[in-house]
Every structure is written in C-alpha cells, then in structure tokens.
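You will see chain A twice below: alongside chain B first, and alongside chain C after that.
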Partner chain A sequence: MAGVEFKGVWKRFGDVVAVEDLTLEIIDREFLVFLGPSGCGKSTALRMIAGLEEPSEGTVSIGDEVVNGVDPRDRDVAMVFQSYALYPHMTVYKNIEAPLLTRPMEPPDGGAPRKLTKEERAVKVKEAAAILGLEAYLDRKPGALSGGQRQRVALARAIVRRPRVFLMDEPLSNLDAKLRTQTRLELVELWRRLGITFVYVTHDQVEAMTMASRVAIIAEGRLQQLGPPQDVYERPANLFVARFIGSPPMNTFDAVARPAAGGMVAQAGAAVVPLPAGLGVSPDQAVTVAVRPEHLHITADGPLDGIVRSVELLGHEQHVIIEVSGELMVIRQPSEEPDPVLGTTVRLSPELGRLHVFDQASGLRVE
Partner chain B sequence: MSLSASAPIQAPTRRRRSSRVREALLGYSLLAPAFIVLGVFGYYPLYRLVHFALYRPNRFGNGEVYVGPSNISSVLADEEFLDGLWISVKYLLYTVPTGLVIGMLLALLSHRRLRGIKVFQAIFSSTVATSVAVASVVFFGLVNPKIGKFGDVSFISLAKADSALRGVALTSIWQNVGLTFVIVLAGLQAVPDAVIEAARVDGFGPLRRLFRVTLPLISPTLLFLIVILMIFGFQSFAPMEILTHGGPAGATETLVFKIFQRRAPGQISEGSVMALGLFGLTFVVTLLQLTILNKRVHYGE
Partner chain C sequence: MASDGHPSRGLPRSIRNAGWYLLLSVLSVAVLYPVWMTIVRALSEPFVYINEGQPFLPVAIDWGVFNTAWAEGVMGRSMLLTLGVTAIITIAQLVTSMLAAYAFAYLRFPFKTVLFVLLIATLLLPIEVTLIANIRTIRELDWLNSIQGLSAPFLASAFGIFLLRQGFMGVPSELRDAARLDGFGHIAFLRKVALPVNRPIVGSFVLITALGAWNNYLWPRAAVTEQRWETIQVALRSISVSRPERFNVGVAAAIIASVPILVLLIVFQKQIIRGLTAGAVKG
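On to the complex of A and B.
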C-alpha cells in the first residue's frame, strides 16, 4: 500500500510540453481520477507512475521512495491499458499468471516474499479469476472472448499480484454503454475490497464523478483543480473547470461588476444581475458569470430576457434552449413544467446563491 | 396461370440470365491476362518438363522415344541426384539459420525510435535490392583464393572441397540477412506497443519479453521467412556458377546446378527428372513446414 507524489514534474516530448509543473499528492488507498480532454497529458502522468515514461524534470515517488529511473518491474504497480494489451498467444490462465512469474512475493499461506511455486501461482490465479468471474474461461485465448471478458482478464492480471498502486488508462472506453455502467460499479467494489490506491485516467466526467474519491482535472498539461467530485462540481476553481464539468455545460455570460444599492451587481448590456453579498469583486472589474442549467429558471420578473429557441424532452427532465443576447443558454427543468412556446420572449432568473463568478482576465474563481 | 401474370415474371428472368452471362464474360476477360501469363510461363513449361522426363531424343536427334516412369525412378535413385540433394541440404543448413538469426538480431536492434535509425534500416535492408549475380561477384572479390581478401581463410576456402560450400554460402547468407531484416522489422512494427509495455509492467525482463512475447507474436512472420528462405536456398544457382562452377571436384554442385549442367539435348531428359524431383521435394518440405509449424504459430485474433 502506498500513495504517489508528483513534485514539480515536467514532461516534454521534443518541443511539446505534455505535463507542466505537476505537483500532486495521491493519498494512500484513495481512488484518484485524472480527468481531462484528450491530449491533455493525463495519460502521460499515469505512464510516469508506471515507469513507461520518465519525467523531464521533477520527481515521482511511490510510498516514500523516489522512483525516477526505476524500471517498471521494480515499481510494484499494475496497469490496465485502454486496449487491454492482453498477450494474444497465451490462455487467460497464462495471462493472469504472467505478473507472478518474475517477482518475489508473499506466498498464499503467508511468510517472507519469495518466488512462488507453480501450485502457489495457481492458487493466486484462481483467486483473481474468481473475483472477476473468469473461472469458466481460463483455458480460452483472448481472441475467443468478448470485449467485456477481455477487460476482466486485464483487471484480473492487474490485481493478481496485489500491487501497491493500481493504474488504469481509460479502461472502459472500449465497452458498450450498458457494460460501462455495470463495470463502473464493479470497479468501485473492487477498490473497496482490495484497499489499494487506484489511479484512473478518463475523459468521461461521468466516470470521474461516480467513482472518484478525488478528481484531478487536467488541461493543456496543467492541473486545474483537485478535489472530491462534488466540490469540483459545486465550486469550480476556474472557467475551464466550470465549462468542462457538468452536462449540459454551465451557462456563462460576460459582464462588468458595478456597485449598486444593496451590494454589487453584474451588468451585461441592459441586463443587471445582482451578485451574492460579500463577493470579492471590485467596481468595474470584468467578470464572467456562470450558472448551471438547473439553477436558472423562467420567471415573470427575471433580470435576463431571451427568446425560446428549442425544447429537448428527455423524459425525466427537459432542456430549454434560450437565446440571450446572441448566446445560447440552457435551462434544465422537470418535465412537469409547462412547455415554453418557441419564439416567445421569456425572462430568466438565476438562483442568487448558485452564481459562479470568475475574473475575466485570469479565469480564476472569485469568492 | 394467365399469360398476363406470367409475362412480367419471365421477362426479368431472361434479363437476369443474359446479364449473368455478360458478367461471367467480363470476369473471364479480366482474368485472361493472368491465365495467359501463367499458361505460357508456368503450366506450359511444366508440361514440357514432364514430357522431357518421359521421353528421350532418339539417336539421330530427329524424334523422341518414350521411356516412361521407370526413367523417373532410376534418375531419382541415382547417386548423382542424391549427391546433389545432399549438397543442397547442406547449403540450406549453412544459409537459412545463419541468415535468419543475423537478420532477426539486426531487426531487433534497429526496432527503436532513435534519431537516424532509418539510415541503419536502409543499410541493413539494402542487400534485398542487390541482384544475386552482383552479390556473387562481390563475394568473388572477397573469397576467391587468388585475388580475394579472405581467400586464405581455411574455414571458407573455395580451393578445398570440404570448405568450398561454406564460402559459396556467404553470398546467400548476406542476401538472406537483408530479406529477413526487412520482413522481421515489419513484423515487429505490427506488434502493439501496449502489449510490450504490459509485459514491462508485469515484470518481464528484456530476454523474457523477447522469447515469451515478441517472438510468439511475430511467429507467423518467422514461419513465412523459413519457408521462403528454404525455397530460395534450394533454388540457389548464381553463387555456385560465379564463385566455383560447381567445383572443386563437384563439391558445390547443388541440385539446381546439376540440372543446369544437363541442358544438352542428350541429357535434358535426366535434367528434367531432377527438376521434377526438386519441385516435388520443395512442395513436400513446404507442406510439412506449414502443417507442423502451423500448430505452434499464433496468428492473433
């Protein structure tokens, strides 16, 4: 068992900076998810933990040990690849057994770590296969398995050795939607059961929100925000996170802060939206105001006005798309609400306490 | 059934049949060039070969005498044929494993992302693009006993009967290295990086990775190479012709060389039988390799 620490880590490929000055501590036994758009450097960060890439600068530690320059096989980590990377010429049994062949480890009946005998390896392989429900497929080759079964073999191969850190690079992206939902639950179950640090890379915010103890949001090689999923959702640290997390995404509009009777307001054209009291904005500061679709409502006297452009019915809720001074905004409301009439002008009011305000110049959250 | 009901059914049938004929004609006409080339340069010569094997020119050279299958069995059992076969087999043993191993090692060494590695890849594969004759002349300059730089190295000396075949084999080895290199490198590039990375994380060292993962994954490529190198080895002719003329004392007279020697009208019957024997042999060896090795080869998903 061990945590992982990045200290001032950079990774450059030629002139391209993949990871920029990453400092991050992954706590022992947590389920940490690297979330970001593709090409943001999250996979590179994971591969640096595995030892498949070396940092250009800075240190990576596993436990208390700096692992820069340490070969992957001496790091005591296991990894599940997006393509699963099973050995196609070996049976499922041999695939799961592979990590047990070379390293000394604790025998099934306890005692000092040593290389396991064939019988001891069989015990471990069967145990891992049982956890993932693969007993019936041990003699098959990966080519004869479905995508979901292959994915389980990859998981079994990774857990068989009980590594200190368990790394996963988009392991669900090759599964169909139904299987993905089911496997998400099983992964969390597996994590609870094993009590091992999980580091998980994904571009899918649903996976991050549902599984993570903490999410590390990465964009353009930089860490944008680190925290529990709900915190990240409720208090995005900058505009990137605000727009990236949440579906449909947050509504944003640019405005200028103005003092008014009873506190500060945000003025966007003719619209004046009151801001929460005690917000650290100065008069005439250029800000971006953001509000989630579920916190924006159609009311008779709202400060914003717009034209109803379309209504999307999803069964349990509806999304109303409204054009507000040239920009599209989305309102998410229960389907019991009356359908707004297309083309009519409606007034909108955001919930005051649910407004997010960002400094336009820096993109950072203003509290 | 009324006429009006059957007419619209018949019409499309007729049309369909005629369009099928037209389609078939088009298909055969597209196949024709291949058929003609194969017929003229493949099947007709093969027919002539069988013909030569079964008939012998008469004493005056103006007609043919049927000799029949007994001709075939007597030639194939003759010492000349068996001797040539033995030399050909030795030649295979000298050329195929060495060329395969060296070419494979070079491919493994240069299969990496390094600046300028393409230059080495081009150099290593260049022997493929060299003609056998040119390669043979180059080695003539290297190992010829009178003018060669390495003419006095006794292990490959062309002057002695027991070492001459090894000297001749150098040309084929050199060419096999390039061919093996190109094909193995292509095979290596088709192995997914993630599988090799998984093996690294799973604790496989470089050697274990090579023997447990990489080589099994390129085994279809290796099987193909072994088959093709053996066929090339059986067919080798130019190195013997240029370096030794089959000498000294017939020590480098491989089967193909012996066949080539029997091209005079009086001997062409014997040569044809030998050629048929070589054809049959190559066929059987290839078939055996494919069936035996196929069981041990992994063809992926």
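On to the complex of A and C.
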C-alpha cells in the first residue's frame, strides 16, 4: 500500500504546458479524484503516476520511492482506461490473467513473490472475477459483452494483482446514466474492500462529489483547490472553482466594496448587498460576489432586482432564471413555490451567511 | 440510395439487381474463360485442331498428359524445391517485416520519417532494375544454383513493412498503454497483442508473399544455370521448349503447378478478402 506524491511537477509537450508546478500529496488508501474540464492536464497527471508520461521537471513518488524513469511495469500500479482497452482477441479469462503472466507475484496462499503456476493464476483470476460478478463470462471475448460488463473486466484485470495504487481515467464516461450511478456505488464499495489508494480522473463533478475522499480541482494545468468534496463546494478557493462546482453553477456579479453603517457592503450599480461582518475587504476593492442558486430567494424587499426570463421545472425542484442587469442568475427552489410570472420584475435576496466574495484581480477567495 | 418506395429516384430494385448480376457474369466469364481454355488445351490432342483453331470443348481427351508432364519435367523435384524456397522467403519476410513495421509504428528513433520514405520509395523499383547488380552479387558469393541464391533478394519487403505498419498503427494507443502497465515488453506486445489483433492483415500478407515466391520466374531464371536447381516456373518453361510439338504437355504441367496455389487460395480466401479490405470499413 502506498500514497503518491507530486513535488514541483511540470509536464510540457513542446510549447504546451499540460501540468504546471503540481505539488500534491495523495494519502495512502484515500480515494482522490482529479476533477477538471477536458484538456486541463488531469489525465496527464494520472499518466505520470502510471509512468506512461515522464515529468519534464519535478518528482513523482509512490510510497517512499521516486519513480521518475521507472518503467510502468515496475511501478506496481494498475489503470482502467476510458475505452477499457481490453485485448479484443483474448477471452475475459485471458484478459484478467494477462498482468499475472509478466511479473513475480505473491502466491494465493502467501509467501514470497514468484512466477505463479497456471493453477495459482486461475485462483487469482477467479477471485477477481467473483468480486466483479464475471464468473459467467470468463470464456467470452470482449466483443460479446455489454459496455458495463467490459468495464468490469477492465476493473478485474486491474485488481487481479493487487497493485499499490489503482488509477482510473474517466472509466464511467462510456456508460449510460443508470449504469453509471450503479457503478459509482460499486467503485466506492470496491475501494473500501480492497483498501488501496485510488486515483480517479473525471470531468464529471457528480462522480467527484459522490466518490472522493478528497477532490483535486485542476484547470489549465494548475491545481486550483484540494479538499474534501463538501469543503470544495462550501468554500471554493477561487472564482474558477466557484463557477465550476455545482449545477446549476454559482451566480456571480461584480461589485465594489464600500464602507457603510454596520460594516461593509458590495455595491453593484444601484444595488447594495450587505457583506458578512469581519470579511477582509478594503474600501473600494473590486470584488466578485457569488451565491449558490439555493441560497438566493425571491423576496419582497431584496437588494437585487431582475426580470423573470424562464422557469425550468424538474419535478422535485424548479430553476427560475432571472436577468439581473444584463446577467442571468438562477434560483433553485422547491417546486411547491408559486411559479413566478415571466417578464415580471422581482426582488432577490441572497442569504447573508452564504455569500462568497472573491478579489476581482486575483480571483482568490476573500475570508 | 433509392428504395422501392421512391421509383422516381432510380430504377426498380429488380432491374438494378439484374444489371449487377449481368456485370458480375461478364466479369466471371472474363476470368474463367482463359482457365477453361487452358484445361481444354491440356486435354486435347494437339494435332487434332492445329488447322481448325482452338475448340471450345476438349477434342480426343487424353488424361495421360498429366502423367507425361509429371514424369518428363521432374516436376516433383522442382515443386519441392520451390516449396522450400517459398517457405524460406515467406517466413523471412514475415519476420523482417513485422520487426521493421513495429519499429516504424511504435519506436522513436532519429530520421524515422526519412528512412520510412526511402523504404517506401523502393516499392517503385521493379525487380528488373536491380536484377543485374543482384546477379553479380550472387555470382561473387558463389550462390548461383543454391537455395540461398534463390531466396536472398526476397528476405525483406517494403510492401510487407508498409502493410504491417499500417495495421500496427491501427492498434488503439490505450491498448498499448494497458499492455505496458500489464508488463508486456516489446516482443511480448508484438507477439501477444499487435500480431493477433492484426491477424487478417498478417494472414493476407503471408499469402500474397507465398504466391509471389511460388510464381517467381525472372529471378530463378537468372540465378539458376543447372536443371536440378530449376524452380517450378522455370521448369515449366523447360518442359514447353523441350517438346514444342506436344504443347499440351506444357499446359498440363502449368495446371499441375497451379494446384498448390489454388488450394492455398481456396483455404484462405476469407482471410485474403478480410485482409485486403482491412481498414476500408471501420469495424
């Protein structure tokens, strides 16, 4: 078992910087999710753990060992790919057995690692197949399996040799929505059962929120924030994270901090929104104020006003889209609330304690 | 495509089908007619129709002509020799092509593109261009009338390297990554993944090479001076010229010589078609 550590890691492809000065410690046995939009460098970071890419600068360690320059086969990591990457000409059994053929392994009944016999390999293959419910498909070829089944074979192939670190690159994106939900639960279950470090790459925040022990949010090659999913949701470190996490995304508006009786306020045009007491803003500081859709309400005397543009009914809730000085804001409210009339002007109040304030110049959170 | 529901967009399906069948029939006749006439010529007593021209059906059938051909030309020996040379050429080309194709597809090395272009450029050189230089080399090595002399110029193939490289490049990169993590080195990946995944291409390449080696005429004709080293195609010529008045014997010998090829084609026809159309349609 082992953690993974990035220390000052850069990865450049020609002039393109894919990963910029990444320093990050993945704790032993945690489920860490790299989350970010496509092309942000999260897969490159994962591939550097696997050894499929070498850092241009900095070190990657697995356990206590720096693995720069170590061949992928000698890193004792396993990886599941988005396309599953099963060997199409081999049966499920042979696919799962493949990683056992090439390296010394601990035999099923314990003892020092050595090349396994056919019978010993069979024990391991069947064990992995049983964990993923694949016993009935061992003689089939991947072409004869459904997407979900192929995905399980890929997982079985990865867990069969009990790697120190388990890497997954968007493994659920080829599954349909229902199967994805189910597989999410199974992956967390698998992680608990195996007790090894999982590193998981996705652009889907629902996957990150539901599975991760900690989320590392990456954009444009840089680590934006690292923390438990709820922390990231409740206290985004910068504007990028604020806008990226949450669906519908956070509402933001630009304002200027002004002193007023009883503390600071954010002034945006005619609107004046009181800011929480003790906030580290200075007078005349340009800020961006953000509030989640569930923390913005239609009230009779709110500080903001806007025109109702659309109402989206989702069954259990409704999203009211309101145009506030040219920007669209979304309110999430229970569907029992009365439907606002389209085109009417309404007043909005954010929950004071739920406001997020960011410095406009740096984009960083102001506490 | 026009369907039956839209007659205005084309001819009715039955007429279109009839058209296709007609075309295919004409093509089949064009291919089969020479084959049939060869059989007719082999079986017919040559002097029967020498003044009347080629008949469509055999005249005065003589099955004994095949025995005569087999005995006269020492065909058994030639065929065995050719089989050996064909096997050597085919195996050597497969091994050299797959190794070179692997390097061109997956490895990084200096001047890779230039080398590949040069290699492909050799496809433009017909064997006739290099014939004299090659014969001189073979003579200097004292390899005239030898197995190595018959095989040496054909041990590597730019066509094979190109074909297999294309096949290898079609292997998804994630599959290569997975194999690296599973611990496969270059040879293991080639043997356990790249080749099996490209089996249709490998199969058709082997067949094309074997056919070429079996049917080789110009090189063995130049590299052999003794009758006992004649490969089958050269031997056929010897049979024809030795008894020009009995040309049906020569034709019968040609039919015998084509039997192994026909067997190979019939057994592997599926493989060949799949290989030749590989990449044409996305699987």
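FYI, the second predicted complex is superposed on the first by the 367 of 367 C-alpha atoms of A that agree within 3 Å, B and C clash if a C-alpha of one lies under 4 Å from a C-alpha of the other, contacts with A are read in each partner's own complex, and residues count from 1 in each chain.
Operating definition for what follows: a residue touches a chain if its C-beta (ideal position, glycine included) is under 8 Å from a C-beta of that chain, and two chains touch if they have at least 3 such contacts.
This is a predicted model, so every value here is computed, not measured.
For the composite obtained by overlaying on chain A, chain B and chain C cannot both be accommodated without a clash. Within the superposed three-chain model, A:111 lies out of touch with both chain B and chain C [touch as defined at top]. When both complexes are overlaid on chain A, the residue A:142 reaches chain B alone and has no touch with chain C. Touch criterion not met for A:326: it reaches neither chain B nor chain C.
Of the two partner chains placed around the shared chain by superposition, chain B and chain C are both touched by A:88. In the superposition on chain A, contact of A:343 is made with neither chain B nor chain C.
By the document's definition of touching, neither partner reaches A:334: not chain B, not chain C. For the contact definition in use here, the residues of chain A common to its chain B contact set and its chain C contact set are 50-52, 71-73, 77-79, 81-83, 85-89, 98-99, 101-103, 157.
Considering their complex, residues 172, 174-175, 177-185, 188, 192-193, 196-197, 199 of chain C touch chain A. Listed in rising order, the residues of chain A touching chain B in the complex are 50-52, 71-73, 77-79, 81-83, 85-89, 98-99, 101-103, 142-143, 157. Listed in rising order, the residues of chain B touching chain A in the complex are 192, 194-195, 197-205, 208, 212-213, 216-217, 219, 298, 300-301. Here chain A touches chain C in the complex through residues 47, 50-52, 71-73, 77-79, 81-83, 85-89, 98-99, 101-103, 157, going by the rule given at the top.
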